[in-house]
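In what follows, a structure is listed as structure tokens, so that the remarks can point back to it.
Naming follows writing order (A, B, C and D), and every chain is counted from residue 1.
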Amino acid sequence: MLDPVILAQILWTGIATSAPYVLMTVGFALTLKVTGLWNFAHAGLMAIAFYTMFFVLNGLEWPLAAALLAAAVLTGAASLAIEVWGLQVLRDRGSGNLTFFIFTLILSEFIIYVITLLFGTEPETLFKSILSPVTIIGQVAVSDWDKVAVGVAAGGLALLYAFLAWSREGQFLSAVADNARLAELYGISAKRAWRVVSAIAALFIVAAMYLVGTHGGVVPNSPLELILTAVIGTLLGGIGRVFAAAAAAVFLGLLQSFSILVIDSRWQNLLLYGVLFVTILLFPRGVRLPPLRLLLAGR
Amino acid sequence: MEYLATIGVLIAIYVILSSSYDLVIGYGGLSTVAHPIFFATGAYTAGLLAIHSGMPAPLNVVLGGLAAMLASVLLAASALRVSGDYLLIASLGFQLGLLQLIKNLDFTGGPGGLTGIPGTVTGAARTPFFLIVSGALAVATVLGIRAIVKGPYGRAITAMRDEELAFTALGRDATSMKIVIFAIGCGIAGIAGGVYAYYFQYISPDQFDVLQSAAILTMVVLGGMGTTWGPVVGAVLLLAIPQAITFLNLPPGIMAPAQGIIFTMLVLLFLFLRPAGIVGLARKTL
Amino acid sequence: MLYPTRRSVLGAATLAGLSLPSVVRAQAKEPVRIGSALPLTGSQAGYGKDFDTSMRMGAADVNAAGGIAGRQVEIVALDTQAEPQLGINAANRFIGVEKMPMFFVSWSAVVKAIAPIANREKVLAINNGANAPEIAHLGDYVYTTFPLADVDVTKLARYMYTTLGKRHAAVLYINNDTGIEAAKLYRDTFTTAGGTVVAFEAYDPKATEFTGMLLKTRAANPDTVHIHGLTADTPQVIAQMRQLGMQQRVTSYSAAYNPKILEQLGPAAEGLIVTSLAPGVNDNKNVQKLLDEWKAAQNRVPNGLPYDQYQYDMVWLTKALYEYLDKKSLPATGDTLKEALLTVKEFDLPMTGKMIIDGHRVNKPVYLLTVEKGAFVPLATLT
Amino acid sequence: MTPVLRTENLCKRFGGIVVSDAINLTIGRGEILGLIGPNGAGKTSLFNLISGVLRPDAGSIYLNGVAIDAAALYRRARLGIARTWQNMLLFRTMTVLENLLVAPRTYPGESILRVAFTRGAVRQAERAALARAMDTLARMGLEQTANEMVVDLPFGQQKLIGLARTLMNDGPVLLLDEPMAGVEGAAYETMQRVVREEAASGRAVCVVEHNVSFIRDLCSRAVFMANGRILQDGTVEELIASAALTELYFGV
């Protein structure tokens, strides 16, 4: 059972499959880092992203590029709208943490209901076939989807890193993340930073949903389940540590894949939550929340 | 009539749920989403005891409440050590984890749900009986919570919600107060769960997931957070209106999502235009 | 979708069902009203809506054939969204408001949820779509006309051992009420037949990644793989299985008898064996008629054709039950209908053929189909 | 005689910033100690360390000679360390009276069990609190505002309510964080009078204040802080005389 080929195969496929989760976790964690919000509206954005692509590909039958573009534009716009006309209003009002949670969660549900009305509840895939050609590399089966997934995820992370590290805008984000008030004093607009982040998050979400939608069926409700993985990843990664969250997402994926070698597969999913439990109940200090009040503007 | 009576029992149970939830988030200002899991804890405890132990129903229901209380203290004590904000996310994880456990265990009936819960009361009197019991419990809950939030204890709760730091610096032990409020609210939810299990004689894990949280949240927010009657109004509306809508005779394909859209939209509108809900006096923040 | 707001949604068809042309009303005696609790909305609506349509086709044909002793048939469908709570409301509405002595219901969770009510109110609840073996033990007023998992899964397992000579089976199943029980049945039957189950793995309903499980299975090197999942995940499992170079013949059950699977898997679906609990077009010419009706009405084939055949036939079954009561001039109550069901026992139904009610079970031949050149073709009929 | 409050080598740093660098401070019975220094000198941080909002990296705090380092924020308040806040932190959805009623050193009302089962004792405590609250308000001439919402009062009065709420705690130590900021006229006078009375009643009072004249009028002794260090400890005159400090302070 523990022969190297199998381990290598599990490792590779595990990494590949965790790619979409990495992308959505990064979007989620980055938003949390900069805005200090657990933005559950991302679930709604995921739904928008997927069904836009689905409609453009299967409804209008336009090429993939058009679908991706449309999804990016639409999701980005939605994300910005939520930031500007939703979150900002609540911030100005000095609303509490719970209000933000209610707003983002219920908004997601709202979006999902609308989509259910438009597209029904049958599981849909972006392309008719979910089978992607396989090449055997040193006895390890590598499907084209795997390659794309890993490529997109790695690319996304690299770009984000470069952006945060070297671009002015990116440094502003970090500044705002550390202390919005202070940043304002140095003439960095927190509002602007928040809008930039919401746009970036949208892009990550589109990428993630492309991968999800080419790998298996998606129903309007799926995003609500997907976002939970993002939440868990963010928790384990440690709030404010975007790339650690990404790593956590991969770790969770691999943990589940490998665990099957030692424990009954039906317990796999529980294992995930077991890890979460331990974090919450035993090492809660391992995960710190940023002082929200400070991060909320107008305070 | 059976049909209306069942809706009545359901409404009563949800009044208990939303009111106790309001005590926790509205009055206590504790951000949690896990209320349904304590509802579930009560339901499963009572249900399993009903099946496997010969103990009287009321005792089992109470034990269900205690189990929920225990679970809630476990969660609150560990999460609140970190921060009030952390509780929100911790509760979410707690709910998901516990549900997953229920689905994986065999004696809980797994994902298929727990069947064969004895009916206890039989005959024509059954539904009226449960209607009275659940109704009485609902009234007791609403009035009990009202009693709690009035008087010196309620004053302390309000102060804590307004300015926790100042409150603590005056010599008040905010953390243990929070844990107590949380335990009371969740314990009540557990009792509601017990009644639910006994009346419907079947429970399945999917009935207690995050969408259920959103539903109870909707009741509270719509009705009015931090008010006595808000959650009641919310629960009645959310359970009664759909019944009414069914008589509009829309094609079902439209109806369910349409309802979802209506209610979620209402919540969003209230959140921005009237944060204090239908009942509440317009307060600046929730 | 678990909004209680939607839990208590009842299918609009409640009233739609009543709005038959007034002419019919006028000339008809008190109509026979048949209750049917189905997921008309929510994640299962894809099937539920088609089931409803098929049952209404059955009603139309019965009415065209003179109805039930001159009485017209009306279908009263209520939405359950496959949710227990909604199912309960539907059942109460049938019993309390519509005053029906019996009604039909599908989806395991819903059947389980309504069972206590049916038993309490002494109203006959007939499962005609769910196959959880537990359904045989839900009480005195809960019966099934749809074969439970122990029918097709056991027959399939035995077939794989004896006829196809498979000796080492792997069983992969979804970790929910559909999968767990059926998987156990397959394992036990296959083992008692003399084979060995070399891998027995469950996966989470949310899972999208099955490599670990599949590799473990591959290492155990079975000569056949039974996958007991849902239409959403089964193709994903098969796809990843093929991608990992596992070429074993895959078996599944009626849920996999679905054109979507062929679409999503293309060549990878070749050789897949699925079960059907109802005769296909070639076994029973009536089925073509149903398909034509569908073509005419919806211009497509229904989701889960075998299930639809049962739905269609339930109206004819009801007809048989009521005719028994008329012969004995008994009033239609839960008890008399139950008596009718158990005494008539053998029903000859247009779409599903001979049906023998065997207490709380029903025995039916199982039709195996396999995928050849991207289409389902009959493989064998197991009686 | 032992001082009421004594800090010993109190140290606290946030990353690079030292907010408290080996602070040794003593306040005696009936004394009013002024605490002055530029913004960010660490005055408020010192209050936070003493009252237990912050935990020191090193050093100890003694109340009447007993170390209270282990005690949490709320316990220290019960031990009798009462403080006000720069920005008051009043309970904004409550009336003036309610703000005061939750503030006594011991408050049986915060235990649901005691509220439920020892009604008598609770009612008694409530009566006592009510009397003390009305009395305190009367001292400030605010009794007529008792049932108004605090948010509806003018700023100066809110400041006084902040003090009044703190005075519900009859403990030995009183820490006042910029009581005069934004306060003038009648409120100013009242503030001074009340603080004096409190000191006279034997409490150890420590005032952080930018308003030097207020300090001069009130304090026999004052301490000048900068960058988390005590630069000088003496009479207010001495401090003001010192050119070095004046420069630091007023940044001439």
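Note that in this section a residue touches a chain if its C-beta (ideal position, glycine included) is under 8 Å from a C-beta of that chain, and two chains touch if they have at least 3 such contacts.
Predicted, not measured: the structure shown is a model, and the values here were computed from it.
Participant: Among all the other chains, which ones are in touch with both subunit B and subunit D?
Facilitator: Of all the chains present, none is in contact with both subunit B and subunit D.
Participant: How short can a path of touching chains from subunit A to subunit B be, counted in steps?
Facilitator: Steps on the shortest route: 1.
Participant: Of the chains shown, whose Cα centre falls closest to the middle of all protein Cα atoms?
Facilitator: Per-chain C-alpha centroids ranked by distance to the global centroid put B first.
Participant: Measuring centre to centre with C-alpha atoms, which chain is farthest from subunit A?
Facilitator: D
Participant: Would you mind telling me which chain pair, B-C or A-C, is linked by more contacting C-beta pairs?
Facilitator: It is B-C, judged by the count of C-beta pairs in contact.
Participant: Using CA atom averages as chain centres, what separation in Å is found between subunit C and subunit D?
Facilitator: Whole-Å distance between the two chain centres: 74.
Participant: Go ahead and note the Å separation of the Cα centroids belonging to subunit A and subunit C.
Facilitator: 38
Participant: Using Cα averages as centroids, what's the distance between subunit A and subunit D in whole Å?
Facilitator: 47
Participant: At least two other chains touched by the same residue of subunit B: list those residues.
Facilitator: 104, 211, 214, 218, 253, 256-257, 260
Participant: Indicate the residues of subunit C shared as contacts by at least two other chains.
Facilitator: In subunit C, residues 1, 41-42, 45, 175 touch at least two other chains, as defined above.
Participant: Report the complete set of touching chain pairs.
Facilitator: Those chain pairs satisfying the definition are A-B, A-C, B-C, B-D.
Participant: Using the touch definition from the top, list the residues of subunit B that touch subunit C in their complex.
Facilitator: Interface residues on the subunit B side: 1-4, 6-7, 10, 14, 103-104, 110-113, 115, 117, 119, 122, 126, 200-204, 206-207, 209, 211-212, 214-215, 218, 238-239, 241-243, 245-253, 255-257, 259-260, 263.
Participant: If we count contacts the way the header does, which residues on subunit A are in touch with subunit B in the complex?
Facilitator: Going by the criterion above, the answer is residues 38, 89, 93-99, 101-103, 105-107, 109-110, 112-114, 116-117, 120, 224, 228, 231-232, 235, 266-267, 269-270, 272-274, 276-277, 279-282, 284-285, 287-289, 292.
Participant: Which part of subunit B faces subunit D closely enough to touch in the complex?
Facilitator: Result: residues 148, 151-153, 155-156, 158-159, 161-163, 165-174, 177, 180, 184, 283 of subunit B touch subunit D.
Participant: Would you pull the subunit A residues touching subunit C in the complex into a rising list?
Facilitator: Touching subunit C from subunit A are residues 1, 6, 9-10, 13-14, 17-18, 116, 120-123, 125, 128-132, 134, 136, 141, 143, 212, 215-217, 219, 221, 225, 253, 256-261, 264-266, 268-269.
Participant: Which subunit D residues qualify as touching subunit B in the complex?
Facilitator: It is residues 51, 53, 73-75, 77-78, 83, 85, 89-94, 98-99, 101-112, 115, 122, 126, 165-166, 168-169 of subunit D that touch subunit B.
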